[in-house]
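Labels A, B, C, D and E are assigned to the chains in the order they are written; within every chain, residues are numbered from 1.
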Amino acid sequence: MWQFIKKWFHRFGTPRWFYHTTSRWLPWLALVSIGLLVLGSIWGLGFAPEDARQGNSYRIIYIHVPISVLAMVGYYIMAAAGAVALIWKIKLADMVMVSAAPIGAAFTFLALLTGSIWGKPTWGTYWVWDARITSMLVLLFLYLGVIALNQAFTSRDTAYKACAILSLVGTVNIPIIYKSVDWWYTLHQPATIKLTGASTIHPDMLKPLLVMIVGFYCFYALLLILHTRVEILRRERRSSWVKGLIR
Amino acid sequence: MVSSPLFELQDITFERDDQALFEGLSVNLCGGEILQVSGPNGCGKTTLLHILANLKSPSQGQILWRGETTRGNPSYLAEQAFIGHQPGVKLALSARENLSWYTQLYDSDTQLSIDQALDKVGLKTRKDLPCSTYSAGQLRRVALASLHLRDATLWLLDEPLTALDSEGINELEALFSAHLSDGGMIIFSSHQTLSLAQVGNLALADYSVSVQC
Amino acid sequence: MVSSPLFELQDITFERDDQALFEGLSVNLCGGEILQVSGPNGCGKTTLLHILANLKSPSQGQILWRGETTRGNPSYLAEQAFIGHQPGVKLALSARENLSWYTQLYDSDTQLSIDQALDKVGLKTRKDLPCSTYSAGQLRRVALASLHLRDATLWLLDEPLTALDSEGINELEALFSAHLSDGGMIIFSSHQTLSLAQVGNLALADYSVSVQC
Amino acid sequence: MLAFRHGNDFLNPLLFFVMTTSLVPLAISPAPTQLAIIAPGMIWITALLATLLALDGMFKDDFADGSLFQIILSPQPLWLLVLAKVSAHWLITGLPITLMAPLLGMMLALPQDGYLPLIIGLATGTACFSLIGAVGAALTVSLSKGGVLLSLIVMPLYFPVLIFGASAVQRGVEGLDYLPVLALLGAFFTFALLTGPFAAAAALKVGVNG
Amino acid sequence: MLAFRHGNDFLNPLLFFVMTTSLVPLAISPAPTQLAIIAPGMIWITALLATLLALDGMFKDDFADGSLFQIILSPQPLWLLVLAKVSAHWLITGLPITLMAPLLGMMLALPQDGYLPLIIGLATGTACFSLIGAVGAALTVSLSKGGVLLSLIVMPLYFPVLIFGASAVQRGVEGLDYLPVLALLGAFFTFALLTGPFAAAAALKVGVNG
């Protein structure tokens, strides 16, 4: 079984295979993600009921929550790709990993941005040192560390390996960071600000949110594939199949 | 010496970012043999020596030591001594301190004392001064002294003649022939030729031209 | 060339911590002359070249350039080019960036463009890659390329042959004779001998033995 | 096993620690009541920075002079050599800082009950800093501008230690039970000790290939 | 004259600045009232440290690869080259820090009136840091363990700048007149600008002989 998986990876995990396969999928994926996002936005902004306490400002939830979720999931995708790359030495995984870093950083930054924009009407300030917000900030630093390390090396192969090690070490730390920040927060400052729990949300608000979440997942996949394709072309620019593409 | 090869390179290829530096390199080396790696600047001599020393891994092919792969093989590490372009000498420490650190690192039961080794490489007078005050050649000599203190079989030396005066080169040749007649093996790179008789030659051509030995 | 010495060392003595490294060194050099500083490791070649380049000052004696002292003499600095043991190449930059930085630093109106200079030293293909990926000899070649880009009269080179392949040494000799026939002057240190005909020799003996030339 | 090789270096991180801490009253406020509030956090932040500053040299000097190759090629297991390096780093940073901390606590008017958790926490926490930092130092060993990049990589990983450490002191000052926090710190240390040297050894093999 | 040579390096001191500042609420207290009190001092301290950290590389890289000799031997006046180095250092540290400071002020709940003196003060003060730091960096250029020694040499000279800078912000927050303090800082800067490059050039000539 194990051997089979390994073989499968090596057979189909080649950059060239990935490039050609995704060429076929990409338009469909783009269509689905844009469709879902448009649908979710119209539904959420236009038809979902107004919130009793926050009025219309709550509607940023339809962007904020999916982006925040993906920012965190993105780190695990990156680290998983790094682990695959280190263990099975698969080039494609390397490229997925380094492509996931800037995308993840962008999502994290947007999560912080949308969060602070939302913070002004609800909390009266752009920034508080809330547990979740703080750990999001640390997540941004972790992403930036991987990006900076990737750029610092001249040899691509070395950069890939170094980033894979760093993102794995980071993975171990994320739950610890999250727990410690969470615990620190409750220690110092009893919960004065409570984020609305997802379970208490009204179903009419929840449905468009779910559509948006699925839409953003597709959008993330789209971005990751596009970025990986660019990385593949750069990495394999000397190989004959890429030269053939360009010609 | 019985002539079964101790050290075998089988079909070594090295690619960096998808460009081949050398391809299909195969060499067998027996005890008492010496090999000079030569070729123009940038042809991959240093890279090859790093691969042989286990600091880099080849893209293809394998390296065998006493019939076993050298990858993660501690007994290979114990029998091999590598000196690169940089002498590996701590400038803040004296020559004596540097060498005593090396003997600790390698846990070797040496034939010579540190003092004797330093005398051998002509550093009689400066043993206890910090190496930051050494001249280029004196630094090289400290590095070469570490060869006296290890019982390694295979020496991998990257341009060992750099910065040595003619006296120093003669001494190094004497050291080489002593090591070879003890059944040792030497692979070194250099742009100069030694006056030793039995030096084999492995000429690397300019990039991406395949070489077969 | 008229033979009034451009560059005069008068009775140079250098003591470090009260120990003389060399004493009473006197040399005259005219345009078109080349001098090799030789001697065993640690005899003071690098120190002498640093003194000539104005990086250290001698304990006694003086150095004259066109009859004037070289101490704090900006016109001397403009006419002199020094390359030491370290090539002086920024590893983070490419060869082209390194050289363009040098031309800015020296404000020299060069005969050759940077590209041409790099072609001349055989670095056609790697001009835009960072120098951290260069081999030892390629780094040396970048440093030597800077000589093409300056109109210095006096070249002070510390072991310029280090790490160069035989091709590189030939090219360097050609560069030397071109510079000499333009009325330039070269003082270099090396443990190897050049095949140039007219090389003068300044042999430094082992420490604290006085030398008179 | 590895000799303790850098004679007088161990004074430097300590002096940095003392001097940075003494910036605090100058820049913020010399009033003892005010200082007492920020003392635990400030001592921990400066301890972190002092450790970080000394981290850059952990492997870089060895790389520059070529002896890192010798270390990697030595027949001894690499993680053991890394562990020796980490211990040496802790001995020149963490240990003197821990010993000096009570004095600085006094200067910053730290209340009596904070000293014990401060000392125990710093001893464990700085060891964690050295262990985690080794991975970052190994990854950046061949990069010429490694210093600041290193802090960038390593600092996020230091957050939990800082939080645990500073809040243990805070709880001590407030008369709460600080043992659970120190236990958490201890658990973190054990984990770092068990995985750090192996991760750093792997990182070192990658890092030297620049 | 000297090209601005290190492309993406300028992000690093800035990120260090941001990260260290964000340690503060974690280690001390996340309460906005508390943060507001320590904000001016903390921003100044971290700005100082970020500058300090980038100082080590000012001449050392040039020394290690031999190009410092070329700089010294160049026919251009050495103090001018030093000034170019100092400007480059300020452009990658002081300037981005100054631009980023308002954001961090916001995160640390700095009251409205503090922003103007913070920005003006940081712009001038970080330039002083770069100028003074150059002398220290020049003196320690040939020492392998220069990093921490450098901070020791330079830090005492940074004290006055720090005190002026932090108190200008403090006065701004308290609604007092901060212009005299900024004027003092400006005078200090002028003095540093007129003497610093010469002192550093002299120090460099001494420093290279190790």
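Keep this in mind: a residue touches a chain if its C-beta (ideal position, glycine included) is under 8 Å from a C-beta of that chain, and two chains touch if they have at least 3 such contacts.
On a predicted model such as this, the values are computed, not experimentally measured, just so you know.
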item: Between the pairs A-D and A-C, the one where more C-beta pairs touch; value: A-D
item: Greatest separation from subunit C - chain, by CA centre; value: A
item: Distance between chain centroids, defined by C-alpha means - subunit B, subunit E (Å); value: 46
item: Centroid spacing, where centroids are CA-atom means, of subunit A and subunit C in whole angstrom; value: 56
item: Interchain centroid distance [CA atoms averaged], subunit C/subunit E, Å; value: 38
item: Sequence positions of subunit C contacting 2 or more other chains; value: 85, 91-92, 132
item: Subunit D residues counted as touching two or more neighbouring chains; value: 6, 61, 64, 144-145, 149, 152, 155-156, 159, 163, 209-210
item: Numbers and ranges of subunit A residues touching at least 2 other chains; value: 141, 144, 148, 154-155, 157, 181, 184, 188
item: Subunit D contact footprint on subunit B (complex, rising order); value: 53-56, 74-75, 77-78, 80, 82, 84-93, 97, 100-102, 104-107
item: List of subunit E residues in touch with subunit D within their complex; value: 6, 9, 12-13, 15-16, 19-20, 23-24, 26-29, 34, 37-38, 40-42, 44-45, 48-49, 53-54, 56-57, 61, 64, 144-145, 147-149, 151-152, 155-156, 159, 162-163, 166
item: Subunit E partner contacts - residues on subunit A that touch it in the complex; value: 125-130, 134, 137, 141, 144, 148, 151, 181, 184-185, 188-189
item: In the complex with subunit D, residue positions of subunit A that touch it; value: 138, 141-142, 144-145, 148-149, 152-155, 157-158, 161-162, 165-166, 168-170, 172-173, 176-177, 179-181, 183-184, 187-188
item: In the complex with subunit B, residue positions of subunit D that touch it; value: 1-3, 5-6, 61, 64-67, 69-76, 81, 208-209
